[in-house]
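What follows is chain A paired twice: with chain B in the first complex and chain C in the second.
What follows is the complex of A and B.
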């Protein structure tokens, strides 16, 4: 059991360590963490803070992918959540009060949950392929966000709202604390109960799981709604961090980063077995990659080329063809050595 | 097959039944619905604005959307096999950047254009090999290609580069007159020529039949001895080529290269193909349907422009809604046939 666990996380961890070493060579103070004003500072802290939105969405995405689905609409949901929260804060007489911010956040979350239920409806009830079903919201969602912001970039100046993106709690960035909380919540809910097993069974064989009495419809609703919840949290953090809601750019391409994190973490896009811990490592790999690009001095605009390279390499490593080739190579190698011994 | 509620004894009954059969067939139904939708959308435009249903407006649809027609043709091939290509928007942007930067460096247009088409076709080939040989899902493979193409755009230049090459400028400004106050651009001619070629390829060649066969059932195609592997790779090469060509047409249209152009164009192309009646699971669909899909999107865009008070982001919402309606329509039509 332990060995299987280790082998699944092996490559992602190796990749993360390799990136750490590259960083350490380029920037010797990489691992140092300082305590200033009771807040922790350092490159590692930056990684866990800036990587928090991607990680949060990737957690939701992991469960969706485990059901053999995909959610492309998370970026649009980020934008909508941010737009709703900012427009409420701006529209209120007292933008700085905690009450206003709580109302704004609650309304944004509720709207996002409705969007998640909508995705779940398209996939579970109408039976539309997940890529296409969520493509609809991905296309229309940014338009809706634009409608909410009326095409403007809404800049908010609300100290309580700012805490979400750039505040600190127990010396750690609030965004990181939220990400860890959601991670623990998802892990406890799916791994300490049968929920995770049921989700995996739906992903491995929908028909067989239905005949075994698994109610896949409710599960699909649950995972898409949870994913939208995660997207909304991430959207609020991103918006709070920029202190502005930008319907066009908030969460742009974040669906790709999240999918990438899941894939790097070893969860197969074909559904079934998933690893939340793998996703955590995957999200860290992506954020560390971005940081590395900065510290090594490569122009940051080239980051996307590196991401493309990472996706390609990871996919090729996971591909059945490659695995089969490796297996053939290993057997031929061992048979050759056996022959050698015999001679 | 559903049984008709009344016996089609009379001639009229048979005709009615025939019409219903055509409309409910997964092959022709969505295309016909799209055609009716196009007429309805035009009628709406015509009833609201004077001069909407006129030669120049209709021709402008083609002029403004020539590159999208080209993209939709390539996308049709991919979707017919049951795949999807998310990289087309990024590849268009990359083509404009390659064109603009090489022309700026003094290369001649006669070298640059073939070079772009070769580069994008090779990128399509790599995607096709990833999909076919390594069994990577098409949307992940094309996602990687999208990252790569966008990233390369940024590597070439962060800023917009304008094009002053005489050949490109000439092509951008050439108007082919078509009677009274009406004209089209060379891009439209190229796009229409491509559509015709694609129609011939899909309906009168082995490649085309194999594309439909793969979409119908890859397994059966393989058992019939069709070159499934080769065709699966080829459709991505075709899509790559079309993206490159669309990029070239796009530079004729804008006379510049910019790394952030055509963000989200892949969605427009997919929407056009789906609205045009191509089944997302593959097997059914026509290139001409995709052209109708582009025209529907273009007409909606034109109406929104004519309206003036409606903001442009309504286009996105309309596209989303249309996408939803047509996907549900496909679902219903295919479910009835089973």
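What follows is the complex of A and C.
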């Protein structure tokens, strides 16, 4: 029992279940999933589909945060990836062909990887603090995306590109399938090899890790590049979902949602120990929160306050001080019952 | 080598935007040729297809009229817009025109313009200021009227039905003037008949993705909805996708009313997926030039000028679509 309470995942999972229950009360059909037009259809499916971009970025962010870093540039990279892909698709003679879309996606990914390497270079080689290093691209990146789209919103009408955000694979949303694939990849790569341990060691003490023979520089390059990769995938999904590249709004503030997902999941911003499973729960909490606002019918003016209240509760419940207080309360409770039994 | 490549990549990225160097124009008194007039225009940004059409029309109209236009893009930030207006004041332009990003906080900078004797014209959006001597004219749409037009069509469409009509409203950005006024005008008209019921009203932030996500969720909790009223075309287009994903027919099973009439919206209207669009025209260039010429010539202009706008049904959309500019 105590082990379940002590788990970092306990409170986020409780929060997620609480949100589910609120939704169920407001809308009894919340859990129902049916088959429509040969794909699954239901509120839960919407949550895992719309939450996919945040989850994907949060996975990359988890690894960056584990190295005691942070990546604020992911939103801008989303916008750049979308802008590049859309301008290539629009510029081609045949926007509907699979070949064009593949080329567009590959080019967008490569450019984003270069941006990830740039972040890694600033942090690992020049030793700039991550929050400052990635802030550069966060602010400049949207400008770059604006230059690519020439300040316009590029609407694309390309069926193969649309699959990414709105399509279905074996009845499941393609976006969700991609998110799960990236999650499994990250989990296998870092938890079935020593990679995760090395990342944590860099996060806990970079200098000691270096002296112990860990190539921290290479690792930092790797995590920032991976984070940019995740951001590009998420950006392409977002762009495909809205069938338009919008340099101003694509992925706006998604870096904050991703960081929040990581923190709700119990990974410390001080680096070191991280939990990908926690991040998964965190991302689901955030997306369920959005859906809750709609199903419960919270007026738009109060939405922000409602979200803030929920996040505050999660953070309070997770804080070590609150947890220690809870532990004391439980011990006193159990000792009292024992005394009661003895008497 | 590896280092060199990264450095090259780095320097390529740091190619920054060049600032615009504007010469100081000495403003002389007396009547002016169009060629001597200089107008500073501070645009909100490029947040939607509507806005880019607005920008393009204003730039093209000024070029055609031979009036020099200094243009700046505030990227949706008030501070940038205030900076741009200040720089127009120092440059001594003849007229300043701008679309305020938000409604409040303009008194100081508008007073500076007034002190420098530079008339200010507001386009498309109003400012919330007690002192209306700070600007000479406000050219733009009447958002309340747009909401009313949308409501009137709905009343007409359902005039023979006695059963309740359930409506979902997709609101614009919370707090933005078009969102508040379009909701108000619509509510005013449908309030006359109790059969009209707005079952849910949520913000989709004027974006396609927002409209889609909100509609997805609301369709599940309100599956028997009859009408969606969207404060702009983009959210309506998002709603269409959500409705189709739910296995329903947009325009038939659920009727859609939107505001704006941008090209993508008109296309959907012509395809029968939207039922009615109230136009909110971004083509303000011609009317703005008329105002500028009058102001520079010292003539009086109306404090409030409503843009020339209409509404579109599906049949009208098919006709109007071929020469739609935006």
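Just so it is clear, the second predicted complex is superposed on the first by the 297 of 343 C-alpha atoms of A that agree within 3 Å, B and C clash if a C-alpha of one lies under 4 Å from a C-alpha of the other, contacts with A are read in each partner's own complex, and residues count from 1 in each chain.
One rule holds for everything that comes next: a residue touches a chain if its C-beta (ideal position, glycine included) is under 8 Å from a C-beta of that chain, and two chains touch if they have at least 3 such contacts.
If you're wondering where the values come from, they're calculated on a predicted model, not measured in any experiment.
By the document's definition of touching, of the two partners only chain B reaches A:139; chain C does not.
In the overlay built on the shared chain, the residue A:244 is in contact with chain C alone; chain B does not reach it.
Applying the stated contact rule after C-alpha superposition, one finds that A:291 touches chain C and leaves chain B untouched. When the shared chain is aligned, chain B comes close enough to touch A:305, but chain C does not.
Of the two partner chains placed by the overlay, only chain B lies in contact with A:259; chain C stays clear of it. In the overlay built on the shared chain, the residue A:151 is in contact with chain B and with chain C. Contacts of A:269 after superposition: chain B is touched, whereas chain C is not reached. With the contact threshold set out at the top, residues 137, 140, 143-144, 146, 151, 247, 299, 301, 303 of chain A are in contact with chain B in one structure and with chain C in the other. Residues 70, 122, 126-129, 131-133, 135-144, 146-147, 151, 247, 256, 259, 263, 269-270, 299, 301-309, 311-312, 315-316, 319-322 of chain A are the ones touching chain B in the complex.
Of all residues in chain C, those touching chain A in their complex are 3, 6, 9-10, 13-14, 16-17, 45-49, 52, 55, 73, 75-76, 171, 174-175, 200-203, 205, 207-209, 212-214, 216-218, 220-221, 238, 241, 245-247, 264. Residues of chain A that touch chain C in their complex: 26-27, 29-30, 36-37, 41-43, 46, 50, 114-115, 117-118, 121, 125, 137, 140, 143-144, 146, 151-153, 155, 166, 238, 241-244, 246-249, 290-291, 293-295, 297, 299-301, 303. Only residues 84, 130, 133-137, 139-141, 143-148, 150-152, 154-155, 158, 264, 267, 270-271, 274, 280-281, 311, 313-317, 319-321, 323-324, 327-328, 331 of chain B touch chain A when the two sit together in their complex.
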